[in-house]
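Right after this note come the structures.
Each of the next two complexes has chain A plus one more chain, namely chain B in the first and chain C in the second.
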Partner chain A sequence: MTTGAIDDGLHESGLRAFLRLYATLFRLAIIEQFQYRAANYFYMIGMITEPVIYLVVWSTIADARGGEVGGFTAGTFAAYYIVWTLVRNMNIVFTPFGWEQRIREGQLSSQLVRPLHPIHYDLGFFAGWKVVVIVMWLPLATVLSLIFKPELNPTVAQMGAFFVAIWGAYLIRSLLLWMLGMVTFWTTRVSAAFEVFFAAELLLSGRLVPVRLMPDWAQQVAGVLPFESTFGFPITALVGPISNEELVEGLLTQAFWILFGVAGVSFMWRRAVRNYTAVSG
Partner chain B sequence: MTFLRIGVMNELQYRANFFLQIIQSVVAVGTGLIVLALIFSQTDALDGWTRPQLLAVLGVFTMVGGVIGFIIEPNMGRVMADVRQGTFDYVLTKPVDSQLLVSVREFRLWKLTDVIVGAGVVVWAVIVDDAPTGLANVAGFAVSLLAGSLMIYCVWLMLTTGAFWFVRMEMLQELFTGLYRAGQYPVGVYPGWLRAGLTFLIPIGFAVTVPSEAVTGRLTIGRLAVAVGFVLFLMALTRIVWQWGVKNYSGASA
Partner chain C sequence: MPLIDVRDLSKVFEVPEREPGLRAAAKSLVRRKTRDVRAVGDVSFEVEAGEIVGFLGPNGAGKTTTLKMLSGLLHPTSGELSVLGHEPSKRERDYLSRITLVMGNRNQLQWDLPALDSFELTRAIYRLREAPFLEQRDELIELLDLGDLVNKPVRNLSLGERMKAEIANSLLHRPSVLFLDEPTIGLDVVMQRRIRTFLAEYNTRHDASIMLTSHYMADIEALCERVIVIHEGSLLFDGALGDLSDRFAAHKTLVVTLGEAADLSGYGEVVEASPTQVTLRIPRGDTAAVTGRLLAEQPVTDLTVEDPPIDDVIELAFASGDS
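So, the complex of A and B:
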């Protein structure tokens, strides 16, 4: 197995075949996941408790302080955490914990002989799942909006940027977690590292609390890490307040992290496959 | 008891998991502490709860989470797996009470780390809290903690009984784990309808808030009596639901 064959696959089969593959994976995921409507709903309701907790806690604090904390009111917190639920769903990608099984059960061996880099199969599949998720999310978002009354008045530019940004977030998180998961090729004792990664992400992405409410030094740390591009930025793009310059800046930052992720994944993948062959050899 | 011994011996084979569990517990409690610091950098009290009191809630939340991970979740997960694979028949043919048997077959010893870490946080909270803590508080804490854990067990088992009819119930675990997060804060914070749900439907309010009230001197005898009465009611109800479920169980393999 040479890695050259994987990289060249894209050029050999042409862009059309490539798009057809994505369309097929997309459709498969939609059909497959619509079968599990009930399961998906259970999962979403369990997931939605998380932002509702944050929302309730921070609204309570805003009310206790006379209606406002760090520029957020109960209404803007509601907007933040309801948009959060969609962004979080966009953020669900192949888990790094799944790599151990992939490697142990030899699922990768069959993927290696396919002409395309295996990440395309994950990207296409999870992107299709997102369609199911968004359709199922709409009624939940409506209910949440009726209960918590969000203040949300995005401009057209904000809506456009948001639409791009959620897919940017999806790509960045897919690539990051792929890199993290691939560490499993070298050692199986990676769960502890994953835990630390997810805790850092929780705190510095805007998932737990808008980054603006963190102490200054934490905001600076968040500024040099990719996490905010996958959570805080897409949410703020829609909820605001944000200027058009900041929108462009945020999208460019996302583009940077996508390039970083692509470079990182291809570098690690090449070395990992060499390692993998040696192990199973 | 035999099951407990086998479970423990099984777990002792995987000592590396113990260190992983310690890291998990520390990361979880650390995150909780950072959140508390963030909250109290903006306010002095959350719905009347001071910082040491919320620290006690975090400790109890971690402890009960440990109990769930130690005994409740693994056993309930096993019932669902058994039903799906048809091996549940073996449970019914054993000459002991089936409800008792399915409740004590699996143990995840390392999850007790959470109980210990959580207990440490509770002790810390009691020390920094000015309220006097006497024997009555400790007794109330012990009773309400036991009652709370039993309530969660009852609700979980009743939901698991649903696996007899709807085979795909794994997502139930996800749902429950998600909802359990709400216990990180006193139920009084939540709006009325949610508070009622978290108290009586999924009794996280009783399981986490009441013991926290006991240890911070906020608990009244009346509320403790309600908790104890409610757990007895739930245990009876669970018994009925379980027996009815077993009677209707038709087997997957036969």
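So, the complex of A and C:
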């Protein structure tokens, strides 16, 4: 990543300049996405279809089994899947499928001639988009809550951990999908690999089914992969049941995956840029 | 030390090669055939501070590849490259903060937002202090006659307006070296002239070095005293624009105005003739002798000696590269 500062009276240096960069990206993303508020709303309404289906299915199963499945009641399922909708939105980052277009149309060339690692564009821009998403999510969550009556009684520690965890999830997923997308620098025939990744993520993250409802072996596999840190953990952090020790452990696991992602992106990026031939001109 | 120092620069691309048909497709599963394509080969030149250099060549000559190597977008296959004392392919922050690359068919402005917002992002990326940024921004808006256009979403601007905003955006950080790849492509004559005037002004004010590619010879004639001609990746010519004709045009044109009709076919090839005006094409080396004879022997009332149009000279240069 490009570093260093120039002391010439024209340039700023240090943390302030870096924070201003993110503030600017944040602001521009918010302005831009509010222009597309209708499209964003339809997108979000489409997105809640998935958790509502899961919620209805699991609530029905819980009712059929005397009101509970694996410790989940209809009310905790409702809480899980309503929080799910927010976490899912927080998880939306630059898609690996976008890299081919980015390379082919020369958008990357435009970014590479500027003194900023392109990942900052994505991190700043999608983070700004989240602000719009959260504002739009609130009324939807209210409606879902009125319909499904979630049982949600988080402690202050849980709320604090949840706030940190959703941004941790955002960072982990951004870094992982950047690493995945960068494979495009070497070959463009990577769609199948992307699909395998997303299938594994769907099954082992807590998106399709809460991880603790899965068989032991699946929980063990999920435990060594990053997916749960991006989905199941943030939801459980707020919905519970979870101890303070488990909260700390979950956040530390997220920190590990963030460090893994930063190292992975740095390692791959250096080689990817070397390999980049800017074919599109 | 020159600002840009290029020594034996080469770039070779490895491109996949496959014959058509099912059999070839099956064979390519086992053994992938590639071939090397030399985009740039052993090119050397220097550019000093404040110079504006035209970089000419037909499509596929290697101009854009060279500009990309100079701006750090491509790693050279071999050779040495130094710009502002930096090795461009290292893409150091200090280096990228002092150059700009403008490609006529690429843009950095945010499509849905007014250009002013993109300017703010550029300020953040280059970490520019507020006061010098505002000063430079307002100067560029004035020089490029952007006015209120910077408040309109970029998607609502015409191609020419967008290009002006793009150029302003790419110069907010006051780069010392400008790599411009077809900056006037697709623009009307008025807008082309406006951008040329601006570039000349920027060059004077900031003593910036400019390397410019353009298919519009008017851009080159208006801005560049020096041109580098590249063809099939090799350097054909590096020198003053005026010397291009000496090197590649073997003929000159004489336009002779006569007091009364006369047959001038004995002096050279008659290109065009009316009763009182004849245009002759003569070998460059014979210019002085033929002119002297015409003045002595014919009822000449006026005579001008012209080089061929620059477009024709360039065409001749490319043709010489082909041969």
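The rule we apply is simple: the second predicted complex is superposed on the first by the 263 of 281 C-alpha atoms of A that agree within 3 Å, B and C clash if a C-alpha of one lies under 4 Å from a C-alpha of the other, contacts with A are read in each partner's own complex, and residues count from 1 in each chain.
Going forward, a contact is a pair of C-beta atoms (placed from the backbone, for glycine too) under 8 Å apart; a residue touches a chain by one contact, two chains touch by 3 or more.
All of these numbers come straight from a predicted model, not from anything done at the bench.
When the two complexes are overlaid on their common chain A, residue A:116 makes contact with chain C while staying clear of chain B. With both structures placed on the common chain, the touch criterion links A:57 to chain B but leaves chain C unconnected.
When the shared chain is aligned, chain C comes close enough to touch A:35, but chain B does not.
By the touch criterion stated above, A:66 is placed in contact with neither chain B nor chain C. Shared-chain residue A:274: touches chain C; no touch with chain B.
Interface residues of chain A facing chain B in the complex, by the touch rule stated above, are 36, 38-40, 42-43, 45-50, 52-53, 56-57, 60-61, 64-65, 69-70, 147, 189, 191-192, 195-196, 199, 202-203, 208-209, 213-215. Contact residues on chain C toward chain A in their complex (touch as defined above): 13, 64, 68, 71-75, 91-94, 96-97, 99-101, 103, 105-108, 110, 112-113, 117, 120-121, 123-129, 132, 173-174. Here chain B touches chain A in the complex through residues 16, 19-20, 23-24, 27, 30-31, 34-35, 38-39, 41-43, 45-47, 166, 168, 170-172, 174-179, 181-182, 184-185, 189-191, 194, going by the rule given at the top. Within the complex, the chain A residues that touch chain C are 2-6, 9-13, 17, 20-21, 23-25, 28, 31-32, 35, 106, 109-110, 112-116, 273-274, 276-278, 281.
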